[in-house]
Amino acid sequence: MAHGHDDKNNSVIRIAMNLALTCFISGVIIAGTFAITEPAAEAQRIKAKNDAMRELVKDADSFKAIDGKDGWYAGIKGGKAIAYVVPAQGKGYAGVIQMLAAVAPDGKILDYKVLKHAETPGLGDKMTEPKFRNQFAGKTAKDMEVVKVPTDKNIQALTGATITSRAVTNGVREAAEAVAAYSAGQKK
Amino acid sequence: MAEYFTLFMGAVIVNNFVLTRFLGLCIFFGVSKSLSASVGMGMAVSSILTVSSALAWVVYNFVLIPYNLVFLKIVVFVILIAGFVQFLEIVIKRFSPTLYDMWGIYLVLIATNCVVLGVPLINAAEGFNFMKSVVNAFGSGVGFAVAIILMASLREKLQYADVPKSLQGLGIAFILAGMLALSFLGFSGMIPL
Amino acid sequence: MSAEAKMEIGQLTVSASPHIRCDESISKIMWTVNATLAPAALFSVYRFGVKALVTMIICIVAAVVTEYLIQKWQNKPVTVSDGSAFLTGLLLAMNIPSTVPWYMPLFGSVVAIAVAKHTMGGLGYNIFNPALVGRAVLLASWPVAMTTWPEMASKVDGVTSATPLGILKLQGYEKLVSVFGDKMEMYKSLFIGTRSGSMGETSALLLILGGAYLIYRGYINWRVPVFMIGTVGVLTWALGGHAGLFSGDPILNMLSGGLILGAFYMATDMVTIPITNNGQIVFAIGAGCLTVLIRLLGGYPEGVCYAILLMNSVTPLIDRWLKPAKFGARR
Amino acid sequence: MAKSFRGGVHPDDRKRYTAAKPIETAPLPDKVVIPTRQHIGAPCAALVKAGDLVKKGQVIAEAQAFVSSPIHASLSGKVVEVADYPHPVFGFCQSVVIESDGADEWVEGMPLSRDWQALDAAALKDIIRQAGIVGMGGATFPTHVKLAPPPEKPIDAFILNGAECEPYLTADHRVMLEATDKVVTGMRIVMKVLGVAKGYIGIEENKPDAITAMVAATKGTGITVVPLKTKYPQGAEKTLIKVILDREVPSGGLPMDVGAVVQNVGTMVAVADAVVSGLPLVERVATVTGGAIAEPKNLLLRIGTTFAQAVEQCGGFAAPPAKLIMGGPMMGMAQCRLDVPVIKGTSGILALSEDDVNAGEEKPCIRCGRCVDACPMGLVPSMLSILGQRGLFEVAKEEYDLLDCVECGSCVYACPAKRNIVHYVKYLKAQNAAAAAAKK
Amino acid sequence: MNYWEIFKKGIFEMNPIFRLALSLCPALAVTSNVFNALGMGFVVMFVITANNIVVSLVRDYVNPKVRVPVFITIIATIVTLTQLILEGYFPEVNKELGLYLELVVVFAIILARAEVFAMKNTVVPSFFDGLGMGVGFAVAMVFIGAVRELLGPGTFLGYQVLPASYDGPLIMILAPGAFLVIGLMIGMFNVIGEHQAKQAELKRRAATAAGLVVQRSEA
Amino acid sequence: MEHAIIIVLILTFLGAVFGLILAYANKKLALEVNPLIHVVEDVLPKGQCGACGYAGCMAYAEAVVTKPEVPPNLCIPGKDAVAKLVAELTGKAAEAVEPRIAQVKCAGSNEKAVRGFDYAGVEDCVAANLLFGGAKTCKYGCLGLGTCVKGCPFDAMSMSEAGLPVIDAEKCTGCGKCETVCPKKVIAMMPLTARVRVNCNSRDKGQVARKACSAACIACTLCVRECPYQAVKVENNLAVVDTAVCVANNCTDAKCLAKCPTKAIRPAVLGIVPGTEDQAAVERACPSCVKTNTVAG
């Protein structure tokens, strides 16, 4: 065992102090920076969210969180909810695909936006392109069937990425169904 | 149960830590020169990963989330892990030299490495519960061990091959890893997590 | 002395024993394997047309030329005449659809020879099966083109035709049988080779005949194809059905996909598989299990290529673990 | 049912050149070169000097140690030189050169005639030692040493090695046919020395006439003749014991570790001659053959006859030889000159033509596993060759059992890549020995 | 000490990725396009330089027994700051770099430079060392990113540069492709390096052939 | 503000806890390793050549630090500079290392040496030596298969086209590895101060040696007679030069070079540096030889 003479610099307390002090300073600095950047970050987050929603529901004046439904927003125009923006997800080729779906109160899809995914670049990730996305506009849950032939009625799968196509479609369809059910409940 | 099994197998083969997620590559390439070292490293990583993920989960869920300090997770995790690993190393070295020779010497290397920090961060990002965090961590560790042991056996074999001089060492190691990753593509799409 | 008359100093060759050798050689083995593959290759040309021939030629020429250039560049003896690069090219061609654009076989062959074979030192040293590395790279690079097969187009759907395994995976067993008419018809078609797929996924009959000749000549070990195909048959019978355990169709699974080609010609590539009989059995069973795992659960309908590649990566461990029984270990 | 062992190869045996040719006694050479080292173990010290007159059978070099064996003059005449001369094993070696006086006289007291049954084991062993008898199967291990196993290693079986599994060679075959009784007598003498009751004779099936002859000659002696499958290396001690006794000599061990002693056919004839007629080992039967020999023959040659003289007896060369070999084509040693002498271990002189050799350029190992299948010792020869290429003798020793290789050459024969596995093994063993010596 | 030399060595002879083989994860994970590679390069450049400066300032006060935890804390602080700033002002970059931004903490190259260089040197050289290493890292990242992006999708920084008909191999931007590309690049660099060494050797021989004889016989 | 205080508190707490644990663990549990060993290892050239007599540089570092009797100047490749550093670090007395260099004692190139047979086998001198000592009729000469070249840890050797190894004087550290691996012991170390060297290893009698190789030392003793200082002797049919004598007498006109009929005695540098087969060396070593025109390069 290492005995040796304990000079002051190497006492247990000294060593511990050394690390503690570093952490203290680090804490101060982080706290300081946090105080400065947090408002900006918060603004960024809100802005990002709003941008995303506005992109989906272009003519809304504002967005309002819906009580009791986590992550649901209503796009308001002229005081009326013209669309709901709701989270959606599906099991893709490589993990979960997270989306935001914009659905009109009558259950018709307006558009969707992919937030997070791990699909193959060049294959599955083509789901974010307008060519595929635009197929959804105006469709209701019952029309959202994935097929591999060109179609107007259904959803035509991405070439070589049927799994992804299904995942997106299923997620969006579930969102559409949920909104339809919700707005049906509202009307009552 | 099935859920945990899927999570585990997913972490071991489908989303293999090294071959599809690119974590822990420094030690993957650094320590895979010999089979025995890679076995030790595999064991060290699996065990440390499991324990430190559990520790990190506790701190994250009982301290950081309640106080709304999620952004502190990097600093906190890293101190936690580095401190823990260094402590463990000292203890093992003192009390069991054989154990230390088997995998203790690798502890220093992993204290500050993508692997051990990456998994707690992923667990936090995925919002896993305690059990899931531990299973995911253990699975990732095993996945790492599988990859590094395979890699080491391949590299040992190539020691006796006529690898062009310019590729010897790191170059051929990367190419081997590429082909391993290519083979692991066979598992992709198998268990969507 | 007349004995010395025929002798000059320095004329005799001195070497270690033994002083006689068998008359096998690497080139003889490789060219024989090439020759036994020829019928199946020609059959697929007959089935898929001139395009298949063109693709095949591109593969082979690219493989041989790449090998030649690399060996020249490295100042190594040029060994393209030993037929191994030719074989790699031919096998790669057998593993891809005949319809792919010209640059894909080219790219695949170059990768197979340059990256999979020569980065590790050339013939004998590579760890992964070059042709399969080439095919796996192509599949990852152009998944759409690599999974678009000619023929049977109108029968299944309007866009691309599918392989039997593809139909099985996406549309189910009944649909598959209905495509062929009835079950016997399906087996017959699979066996003779009138179906869709890569160039080598066609005639089980010709491949088995070729393989049988190689077994007879001792160039491949019968254990590998038997255990690999057997494992696939048993496992798919047990697990592959929709009506619970033991309801799968083993014959369909054994005859379809690249299993026959893989088991006779690619899982037997001695360079990349274990060296002992027992090791080869483990290899074959492992490859069979992985094939079934990928076929049943994976993202792809077919798993032979990846199964063999994965087992290639375990080969050094198997070799370490299963050494031959040493003489003198037992009293 | 012929017995066999795991591994091995089936080269064309090419015994047809000489199998039917009776042993021919070579004419007396006018000069012989007798090296003082013709066995494994310590070299002998020459007892004669230039100018001395010697008689046939006279001791001209004396053993200096237990593992050694004296050397006798093989003809009568005058010693002309005692100097370094070419040697088929060691390159050069101190040799006694004797010019024949043409009389070919035995030294006094030879030959005689005695009843071996009357002698006890110790006396028999002493006669064998003094007669300079060493293993004539090629290894040249002094026979009296083999016959004196340490007491803690009881011997219960004696095996006569009549396998002659090497292609081309037919010397043992002819001896079994033409000196059948001598062989059996020798064998009984040796069994008496060892005190064993069980005796076996292993003969490959490609010598049916020898099997018949031996079966007839051993009737009533309690000796069993065991037909063996024709496969190389049936004649290697370890495989022979495995096949006949189903015992495996442990790794690093000797036949005596499993209670067995193995001896060659030629050795038995020498033992019988020594014991019954009092004659030392001064001549032996060797097959002179190969594609480059004009008239292949089985010759009875005096020790010290040069290869050139032997070849001359067979009509010289028919074609320029590519390789000259002492022994068989699988285990024999390639020679670089014709003026090397026949020694006690010379079972054959082979002159192979280019076609016989079928060498080829060495290529990288393609891991085909043929060598693994061929190796009777259960090794991985391909790895030994690969490690040899890189000089990694430690790995070869620890992980691939380098030291268990008997250098039989089966693997090399089978290898399509023409790898010089045996040479790599020799090289690795040499390195290992050097390292061990350095450590001391 | 020559600052240029200190700076330069990080770029070539001690390039963190190609020569030291440290911080390999980002070199594979965030190089599927040039934009991400560049972003990561900048972040690491910043962190490593800042850390070198801080370490060289505080090195006298750090107790060797807790040296590693202290350094890590410092690095973690800098990374957290970076993250906070990116989050607040460059959310796009933050999102693209994902998990790997957080992992910058444990990139071995950063701690290694702190231990090997900043610990033993004053502020100015440490700054140049950090900057050199950072630039070396960034250059390597961009280089890998460029190769992968060009050969794969045929674009550079998102702009189509190869003809639209170019149908590049997707593998370039997949995991196996990343390994293969880097492996082959390392080989290529070595070939170039060997060639240069050979040229230098030939020159040296030509020069010494005459001179050395003289030197030796007088030795 | 509260937020900020919590941040600071948590971090400080964490730091303090781990600081305490680590400091305590360090104090009570840590084993001391002598850090000097690593410092010394850093100083060594890491050729792992074993010239020091230890299994690699690390082993020597450990020995020289921990054992007082191990001298600091065993590393030959490191030369004086390293010896001095190691001495300083370990507090031992520095003694100079005699600088040395490898020499190939054989001129039996492919065309000069006679071949006894055609060798077909493993390309390695040790392996070739197993078959009757190799293909050359000279039993002492270089086999030319380059085992020494493969063995040199400092890349200082190459094979010439004539089939003999060449030593690059600038890279050779004198570690002696080549000497140990050569089965013929054709390579020997000589002091860097050597004036001349014997370029032959044959201990055969004159006629035998001459028959086997046209470049052999035939033990004619002309050099012995020529040397004014008796630095040359013939032992076992081979000339031997005592460099110490040459140096002690500060020989600047090596007359021994003049008469050698087979040119088995050469200036010390000749043939060591690739491409230096020139007159200059001879001229410098033996000015009078050139004048009398007795030696051509």
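Note that the chains are named A, B, C, D, E and F in the order they appear, and that numbering of residues resets to 1 at the start of each chain.
In the analysis below, contacts are C-beta pairs under 8 Å (C-beta built on N, C-alpha and C of every residue); 3 or more make two chains touch, one makes a residue touch a chain.
A quick note: this is a predicted structure, and the numbers were derived from the prediction, not measured.
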{"item": "For subunit C and subunit D, chains touching each", "value": "B, F"}
{"item": "Subunit A to subunit B, fewest steps along touching chains", "value": "1"}
{"item": "Label of the chain whose CA centroid is most distant from the centroid of subunit A", "value": "D"}
{"item": "Dominant interface by contact count, named by its two chains", "value": "C-D"}
{"item": "Most distant chain from subunit E by Cα centroid", "value": "D"}
{"item": "Inter-chain centre distance, subunit B versus subunit F - centres from mean C-alpha coordinates, in Å", "value": "46"}
{"item": "Centre distance in Å when subunit A and subunit D are each reduced to the mean of their C-alpha atoms", "value": "85"}
{"item": "Computed distance of Cα centres, subunit F from subunit A, in Å", "value": "69"}
{"item": "Sites on subunit F at which at least two other chains make contact", "value": "3, 7, 10-11, 14-15, 18-19, 22-23, 26, 29-31, 116-117, 120-122, 130-132"}
{"item": "Interface hub residues of subunit E, defined as touching at least two other chains", "value": "65-66, 69, 73, 76-77, 80, 84, 87, 170, 174, 176-177, 180, 183-184, 187"}
{"item": "Shared-contact residues (touching 2 or more other chains) in subunit C", "value": "9, 11-16, 115, 119, 121-122, 125, 137, 140, 143, 299"}
{"item": "Chain contact graph, described as a line, ring, star, complete graph or other shape", "value": "other"}
{"item": "Pairs of chains, among all present, that meet the touch criterion", "value": "A-B, A-C, A-E, A-F, B-C, B-D, B-E, B-F, C-D, C-E, C-F, D-F, E-F"}
{"item": "Of subunit C, residues touching subunit E in the complex", "value": "101, 103, 107, 115, 119, 137, 140-143"}
{"item": "Sites on subunit C touched by subunit F in the complex", "value": "9-16"}
{"item": "List of subunit B residues in touch with subunit F within their complex", "value": "63, 67-69, 72, 75-76, 79-80, 83, 86-87, 90-91, 93-95"}
{"item": "In the complex, subunit B residues that touch subunit E", "value": "19-26, 29-30, 71-75, 78-79, 82-83, 86, 111-114, 116-118, 121-122, 125, 164-167, 170-179, 181-182, 185"}
{"item": "Subunit C-facing residues of subunit A, complex", "value": "93, 120, 123, 148-149, 159-160, 162-163"}
